[in-house]
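In structure tokens below, several structures.
Shared between the two complexes below is chain A, which pairs with chain B and chain C, respectively.
After this line comes the complex of A and B, so read on.
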């Protein structure tokens, strides 16, 4: 891990909370408050799975970050032959993590929050996979570096707007945030997080914020050309685009209530999933005809 | 060393500078509760969603024994650092409330007090000991006011063994005929976005409510002019529906209406935005259908009323911010939990009887069990 990556971790973890609270100080203060707070344990908790969740959420975010090209030289910390699948796998770890976090306190509300997350997962996971596949098809590769090369002419958001929109929504959904915050909803007193206090809560919340930041950076990479810019390409362009993506997410979230997971599932399967398949088809045809 | 210690202390003080606050107001002191919430909000103190989330507990009103016990449980579930304020007399006026909140913050930041409280071990063990009782009585021991809610099992006659003195969740058939864990959860009497004093015992299979019994209604809920009660119901529904921004912007409309202050420009913009929102309409559709109106219809109507209605407290006096208790089981059974909470909130507006007795149900008056016919399943 380089200094660049460490800086990016800090920036990405704070970006969304800062934009959301419109304050530089308050996100840090909430974090500090949680550090000063006593941990809490209800009778007969599942300690092992609870700790697993606390480790897993931030780790999954870091694993996802590994394939985002955030180095000063524009290279990712890790380059595999299947970066897109890697990112997907890191995100799938959240299924386990949120479920464990909801299960472990031995309490009804977090457990219901965990159920809700699984229901939500049924909605977003397949559309997310199809949007990643579409990117892979257009680039002819699952490597992030190839995806960036393929966008030298035109950004992917132009050719595949549906995939880009679905990716952003799915990011909010796997982090259980904004209009997809049902699993951690106020109607459940915080749902998955309802019984967790202190450093454990800090790890879960910070990991979630970091994953949202990473997903915003990944959106900028896969659909907005990443570090490429009209003049003087470099990491600052990626940062700028990431901030813009996050700002759009925050602005949209302000205007929407939480989408009930059990109703969202209808829309996801009847409307969104077919749309992503059509999007993949259109892009495939464009690739076959040599347009892309 | 002194430097390090004082720096650490200052850091701690800074970290606790915006504590999360929970206000538990008894039904007859609802408006005082709102004033405390408004005072806390103006300091930038966020509202806590659960006892685990709360740092400062404000108890408003001279509680009857059972409500006092519920407040005790909230307090018990809060972790250090924590601080409690009791407003029982007439500390209504702004300055009195501010002084009390200041004092709460000082106690919250006092290291020695908090350390003593935090090292007071055995509280959890005590609770566990209370529960280590023969099956069936676990609920009674627990007092039925568990807001944090880890009240699993205790279902009729199925002995599934026990872990750490708690009975295991038994299984029952869900709406698709699958054997699923049956969870018992009590809502109330205090919970953010919940009508204070109302206690509903629900049985859940997964996250679907299979039966609901109103165990206790509010005794003498405060009554308000209609616009005030309407504004409060609207904010509550928006908050539970997860529209945080709208709820935040509109949150002081009820109090403003009580003081006969007209909505500001921003509030009016948000009211019409909420009224027009298709997403909200879609999310609330078919929730709590009463008299051919669902929650979405009621929300739109409330926005309309607030936008066009009287400037202040000129409306008819005598509305409570509580639902008619006999409606609650009817709209809750067969729905998913989130929708059940919203259903109750969307009905939390009913004409109170003169003299303020309101719509309160007598304890244990309503026992309704519904196991099938889940109308709102899609």
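After this line comes the complex of A and C, so read on.
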């Protein structure tokens, strides 16, 4: 316990200067501004599907979070016999949500952004599925608790580095972050979000950011041992790993240019997808030979 | 769990199944009532999600989740194609999903009646017993207690990779061939457009670069 206490004192000491900076106050300030902002409406919008999107983006993030073991006791809100498929299904709801968000304002640029999200989705979805399947094969189960049990010896990032890297890239893609921010791109004047203002914009942006955090927590759970640590295993390790993964993703995102979605399709299908299949094959052989 | 608790959970399940079934049917009807392609598409998706909820209520977590996963992708892609290819560009003008109403209603009613009669007439206990012997892995339920012990996800996996593997392979390859054939037929660019009339061009002339050197 003492080691963990020391660790937390160090982490808090590092975080303290950040708390005082503008970068932390800015999201609160702009969030409050969006809450008070007058919503803008174009002629003939599809209000119903717009509302569906506003509800669906944050809810899908919470549904995905339900199978991540973020509880203080190291348990998820929900444990089923198919947690990994549940997570994938929650993520894929974003396809509908963002398409509806881009469709509803009755404007060109948001719709182009929505189609960009779907085009990007067709690139990242299959590699993401194969990386999840690889995790399931190594754990011999689709339960997240079994995945954690299987990582007691060695973390999955060591066994399946390709699957881990692909999962992180796909996570950035379904959160439309960094190089995969094309659907909300500045070249489209904000893309999907170009015409959305007020509380609706706040809900969509918050849902998108929440999904990035959930994806980071899932990365830490599936590939970095989750709540397990060298000393005093517990929820604080998962939190620390999640913060670190998020920090890495945000830092990389700030340094990489936005990729046009038409430049990711070939790479995803010709390079990344075969790589993930080979990764699944290698892990399967390791499981069959009893190494894992 | 005592008998009262079982009865209560049975009632809760029944109400849940009834509500989800009603939602599935209502959204299915909505597909043919709404006047926008986008709304019709997502009403259909909502109907499928309600069916996934039914599967979930029956304890089939994997099948429920995979139904949501597959149907969502399918409907998103379908929205793209419906808006792009069907008679109502952009889907903003009022439209209807009903064509040849009378014959369609006759077919739909017939199928519905056949399925409902089938549900009540078939002896499901015999079907379940037959399926568990067909998997032939010794994992099949040996009685009512055994049936509850085996995880449904495992049973599905064993069936797909065991007794039903031939069917799954044939279906998979057929679907792939259909998708490829449909894409080839739909695209307006062939190899002569890409490589020239005598196919002599070394690099294809493609309007979209794709991301890799060709």
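By our rule, the second predicted complex is superposed on the first by the 270 of 292 C-alpha atoms of A that agree within 3 Å, B and C clash if a C-alpha of one lies under 4 Å from a C-alpha of the other, contacts with A are read in each partner's own complex, and residues count from 1 in each chain.
By our rule, a contact is a pair of C-beta atoms (placed from the backbone, for glycine too) under 8 Å apart; a residue touches a chain by one contact, two chains touch by 3 or more.
Please read these numbers as outputs of a predicted model, since none were measured by experiment.
Applying the stated contact rule after C-alpha superposition, one finds that A:86 touches chain C and leaves chain B untouched.
By the document's definition of touching, of the two partners only chain B reaches A:29; chain C does not.
When both complexes are overlaid on chain A, the residue A:14 reaches neither chain B nor chain C. By the touch criterion defined above, A:265 reaches chain C but does not reach chain B.
The wider contact with chain A, measured as residues touched, comes from B rather than the other of chain B and chain C. When the two complexes are overlaid on their common chain A, residue A:106 makes contact with chain B and with chain C alike.
Of the two partner chains, chain C is the only one touched by A:118; chain B is not.
Once the two complexes are overlaid on the shared chain, A:256 sits against chain B while remaining clear of chain C. By the document's definition of touching, neither partner reaches A:64: not chain B, not chain C.
In the superposition on chain A, contact is made by A:190 with chain B only, not with chain C.
In the superposition on chain A, the residues of chain A contacted by chain B and by chain C overlap at 44, 106, 115, 262-263, 266.
By the touch criterion given at the top, residues 26, 29-30, 32-33, 35-44, 105-109, 111-112, 115-116, 179, 181-182, 185-190, 194-198, 253-260, 262-263, 266 of chain A touch chain B in their complex.
Residues of chain B that touch chain A in their complex: 11-12, 14-19, 44, 49-50, 52-53, 55, 79-81, 118, 124, 127-128, 131, 147-152, 163-166, 183, 185, 191-193, 204, 206-207, 238-246, 273, 277, 279-280, 282-283, 336-339, 341-342, 378. Taken together, the chain C residues at the contact with chain A in this complex read 36, 38-39, 42, 45, 61-62, 64-66, 68-69, 72-73, 75-77, 79-80, 92, 151-153, 208-212.
The touching residues of chain A, counted against chain C in their complex, run 44, 46, 48-49, 52, 80-82, 85-86, 88-89, 92-93, 95-96, 99-100, 103, 106, 115, 118, 121-122, 125, 142, 262-267, 270-271.
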